[in-house]
Amino acid sequence: MRGTRHVLAAALASALAVGTYSGSVTAQGEQTQGISDTEIHIGAFGPFAGPVYLYGKLVMNGVEAVFDKANADGGVHGRKLVLVREDDNCKPEGSIAAVKKLAYDEKVFAIIGGACSNATLAAVPELEKAGIPMVINSAVADAITDPPKPNIFSTQLTSSIESRAQLNYALDQGAKKIALVRMTDAWAMARYNPLIEYAKEKGIEFVADVELQIDAPDATPQALKLKASGADAIVMVLYAKPGAVMIRDALKIGYNPIWVGQTAINDFAAFEKQVGIPDALKNFATISAVAFQPTDPEMKPWTDRLKSLFPNDELSTFNMNGIGSAQVLVEALKRAGKDLTRDKLLAALGSIKDFQTDVYAGSITCDAPRSHQCNQNPGWLALRDGKIVRIK
Amino acid sequence: MEMFSYLLATGISTGALYALVALGIVVIYKATEVVNFAHGEMFMLGGFLAYTFHVMLGWPYVLSLILAVLAAFGLGILVDRIAFRPLMQRQSLVSVLLAMVGLSFVLKGVARHLWGGKGDYIPFPPLVSPEPIMFGGIMVMSQQLVVLGAAAVVMIVFALFFKLTRAGRFMQATADNPKAAKLVGLRIDRVYMYTFGVGSAVAAAAAVLMAPLTLLYPDIGFMLFIKGFAAAVLGGLTSIVGAVVGGFLIGIIEQLSAGYIHTSMQEVAAFIVIMVVMVLIPTGLFGRRGMRRV
Amino acid sequence: MRALLGKKAFLVLLFGTLLLLPFGANKYYVFAANLVMLYIILALGLNLLIGFAGQLAFANAAMYGIGAYGTGLLMKHFALPYWLSAPAGVVIAMAAGTLLALPALRLSGIYLALTTLAFAQFTFWVMTHWTSVTFGAGGFVPPPIDFAPLPINQEQGIYYLSWVAALLLYIVAKNAMESPIGRAFVAIRDRDVAAQSLGVDLFRYKALAFAMSGFYAGVAGALYCGMLGFVGPESFDLLQMVMHKGAVVLGGMGSVLGAVIGGTLLTVILELVKEFKFSIEIAFGGLLMLFVLFQPTGLVVFVKRWLPGWEERLHHAEDDGAERAPVAADGESRPQTQAGD
Amino acid sequence: MSAALRIENVSVSFGGVSALDEVSADFPQGKIIGIIGPNGAGKTTLLNVICQMSPPDKGEVFLGERRLTGMKPNQVAALGLRRTFQASQLFAGMTVLENMMTGLHLMSTTGLFGAVFRTRRMRDEEAEMRRRAMEALDYVGFAHFAHRPGNALSFGQQRIVEIARTLIYEPKVVLLDEPAVGLSVNRVAELDALLRRIRDERGVTLVMIEHVIRLVMEVSDHIVVLSSGRKIAEGDPSAVRNDPTVVEAYLGHQAHA
């Protein structure tokens, strides 16, 4: 037993030693944390792997491209931007760990990212506690920025903005009977609830509400149900893959109503290929957060820069989302001035008005403190005479 | 009635896909008493390899198909070499399963690494015109007919392979009685190896056929594995005929339950079938009685 | 010297560090340490089931989720306090675990594995579809937990609760495995027919193994709910299952200490993988594979070999027996273990 | 002479093929009974039926006065009927001593509660089990193997431990499934002596099926002969040896083989 007691004493001593060592660096000067004379450390979190890694890794690659350009241009007030990436596995425990790590261990100045709705939502209390400036660029759930939190801004179209726009588009097209096809994951649920609410507000009842799984190889039952409901417009709360399967199988039974997509299907050209049937998309329109298709000539500089940084990547709309949000952040950092503090950055973010990025469909306006949802402009894409064009 | 015919027709065409996946699972199970957990990943990799050859490198379709099938055959052998053979010598089924689960995740991660930068869901060019055509009073995708026909061809080739070729008869003999097979001098290791190869090759063939309809993405494997497994279980896990019938049944059950009960049944029908069959009729529809060790 | 390297010293050091960590380390390390304790609990429970009783089930992540959902939903819907809802959530998880023992009586090996996998996927489906109760795929925020009159906040409260739970559950697992129960589990794992012929009630002990692992996963789930203040389905998916399996295999199947080592290292590796921006799928899949292939008895065997004082009463089937000189001196070869007849 | 074990009109068939057909027999108390017969005679099936691992289609099995038919194997074991198997059934993950203690499983009266809290009763029971396990190992001369892993022993050694394990906790009848298979000549002689010793000192009824006819003839007090699922003869070894139907069954079988 004596041996045990010695061991215990030794253990306590070493634990204390470890504890005091890591605790000796206390959180001083949170306002300027992550800033040195030469660098600004910016954190990012999102999934690197798993089914939705596109919203994490690829978006970060876009952010990296913007930082690379800013650094090549001499940095922000002479400071180079350094992106510190954290994998959150698209899980709440991952995002909370990532935020804590970025805020208290990596001690970054601000964070850009937030890919998965649930994971980001779960991290909100932690973000607020840390008081760290955060620019959301992918997660769509309204509750992240509504009600507004002093340190969280979003450059992503939030789910309610898109849901309203989708319904309005259908109504504008003269639809009498509107139906809904949706996935059932967190992303879709974040859109579904505001959609139902807005429909109620407008006095609309969906004539059909069907589910389609993200990896369903086929959507015939859904197509049959939608057709049977007699809907003339269909709101799609689907990713591109189930969206393509949906439209294809509806065409198969000779049903081609107005299809209303949203930003998950904003790579129009790719979507056409995924559907794979010529002329299938003549009644299809979708919201695009970005003004361009990845293949557009305007995107050439970014395509090149991305290729030089990540030779394996083709420019995608996911990258473009990252590019837009990072341009907003870089702009705010510039406006915050040489004597950068977190408060100054937040003030600069809050004051951004009519800012044009290279990618977003509309200009960015953060109406702080009323609204921190800075992107209110859904752009629309549709086919006209076989060409993808922006409408409205 | 129109609804029923459409559901049935689609059930048969997705069923063909499940049947092909189940076929690979059953062939491997018959010979080795192990369910290849990474079977779905063989399908996924087969599809991506064909995509690489055909779309990225621009090689002819048939050549790409053959190369993908050969590559998958090699991958199957790899599964045998790294997950099955070393562990079966220790006679530990738990270890084999765990290794395969591990492998399936590694393959998924590798695929994401290699092809993940190309966008979300990769379309694969169909063999025939993508327009739907009239067939027996209903519209079908011509690719669906191609798949159905090709699936039939694969199944027949398979049956012939087992009946007529030396390797096939060896596999059959090993499956029926491994001890006896060993006694008459069959190199059982080699038979196992080819079995894994052949099973994976079938998966790759199915992938090339189906990719135009399902699109390609790194996570497609698990969904197909679980559906193929449901089909195999329904058919009794040891019967090739059972796998095919089970595949079609799962396809049809899925369609009808989604059409007539609720669209969410499409996702969950396979899980329910597995649980119900396992608990109520563990030998499935075509399984051999009394062969299960409890 | 012996005492300093022994398992007691290791446990004292581990739990001592975990106890004192919040006083020194930053919030990220405290959070990670709390995760360590959760994974220790999960690995202990899963190891009882697959490592000791030999029942290869794939539903541990689902049990974990049921514990978290049970706890959180009782707080949310019925405004039950945590000290009531957490035990209730644990009981629900345990009941679900016990339910899985029913197919386990008739099925073994691959059949059991895939039936439980189907069950796990079905549970996931229920979490996302039974929206009126579970709030669907969007998850929900359980009400805050009050530890009054203790002078600690929710974070600290859950941390120390996890500490106590991990320590107690380690002792429970260790004591249970060093009793006739442990021997019955191992007997079922190694030779179930012989176990039965010696009077071991297969159903009773399989049910006990499933119930215990459900209990452990439920406790981890209840703690998870309090620790994150958010419950959503994505945390209880296949990857989570693979991570639990990884923890067990890493530490050592059939070793209680191994589960402690595995649960701890899993979290450390998880954070390291993130640190090096590596793919978590490849890392954990690869780890699982490499360990099963090259070190199937886990790290604990290394430790046992090189350090004194790490013996455990019951050891795993492959516990380096193969490397010992055969005892047989009468010219008979040692038999190949056979899968049964 | 009362019967320790009695089977009455037991019939079993698998997939329409009859494995046992109306077999009845009495196994006298405190004797060694050998069951012999050509391959496929139904010997192992009979053993499985007796210990309820495969339930009979028809007929009854009695242990003393207790009817066993319909019970679970572990319930049968609890009544004092134990068995060994052809393939080694030692638990590889436990030491020899722990294997023996598992043989005392039925002795344990403490459940999870006792185990978790290591109650006094539980600790006393463990100590008692350990003592009895060592004693039993000593009885077969294997005390020095107590802390070896089960799978580190030779085949013959494992066989002996297995027999000791079935005998450790108040057995009435022990069924031995080909105990001599794979053993060297010397080991068979040791086994022979051990079985007699168990019968004489413990008064246990031993029922043995065996291919090594020499062992059966030497050690058995009573022999039952099966052929094609039927009992064709019964009696003491010398009587059976000279029974023409038995000779015919064996020769006929060999002629076919």
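Per-chain numbering from 1; labels A, B, C and D assigned in written order.
One rule holds for everything that comes next: a residue touches a chain if its C-beta (ideal position, glycine included) is under 8 Å from a C-beta of that chain, and two chains touch if they have at least 3 such contacts.
Small disclaimer: the values here were computed from a predicted structure and weren't measured.
Enquirer: Just by CA atoms, which chain is the most central one?
Expert: Nearest to the common C-alpha centre lies chain C.
Enquirer: If you take the mean of the Cα atoms for each chain, which one ends up farthest from chain B?
Expert: D
Enquirer: Hey, how far is the Cα centre of chain C from the one of chain D, in Å?
Expert: Distance between chain centres, rounded to whole Å: 39 Å.
Enquirer: So, what's the distance in Å between the C-alpha centres of chain C and chain B?
Expert: That gives a centre separation of 32 Å.
Enquirer: Using Cα averages as centroids, what's the distance between chain A and chain C in whole Å?
Expert: Taking the mean C-alpha position of each chain, the two centres sit 34 Å apart.
Enquirer: Find the geometric centre of each of chain A and chain D from their Cα atoms only, then give the gap between the two centres in Å, rounded to an integer.
Expert: 70
Enquirer: Find every residue in chain C that makes contact with two or more other chains and list them.
Expert: 129, 239, 279-282, 337-338, 340
Enquirer: Touching at least two other chains at once: which residues of chain A meet that condition?
Expert: Answer for chain A, listing residues that touch two or more other chains: 49, 184.
Enquirer: Spell out, as numbers or ranges, the residues of chain D touching 2 or more other chains.
Expert: none
Enquirer: For chain A, which residues count as touching chain B in their complex?
Expert: Within the complex, chain A touches chain B at residues 49, 51, 53-54, 57-58, 184, 210-213, 215-218, 220-222, 224-225, 228, 239-241, 244-245, 248-249, 251-254, 267, 270, 273-274, 276-278, 310, 312-314, 316, 318.
Enquirer: Going by the contact rule at the top, pick out the chain D residues touching chain C in the complex.
Expert: 51, 53, 72-74, 77-78, 82-83, 85-94, 98, 101-103, 105-106, 108, 110-112, 114-118, 122, 126, 129, 145, 148-158, 165-166, 169, 182-184, 186-187
Enquirer: In their complex, what parts of chain B are in touch with chain C?
Expert: Those residues of chain B that touch chain C are 29, 33-35, 82-83, 86-87, 90-95, 97-99, 101-110, 112-113, 222, 226, 229-230, 233, 264, 267-268, 270-272, 274-275, 278-279, 282, 292-294.
Enquirer: Sort out for me which residues of chain A touch chain C in the complex.
Expert: These residues of chain A touch chain C: 3-4, 6-8, 10-12, 14-16, 18-23, 25, 27, 48-50, 85-87, 89-93, 96-98, 100-101, 103-105, 116-119, 121-122, 125, 141, 184-186, 188-190, 193.
Enquirer: Using the touch definition up top, name the residues of chain C that touch chain D in the complex.
Expert: My answer: residues 171-172, 175-176, 178-184, 186-187, 189-191, 193-202, 208, 254, 313-317, 319, 321, 324, 326-328, 330-335, 337-338, 340-341.
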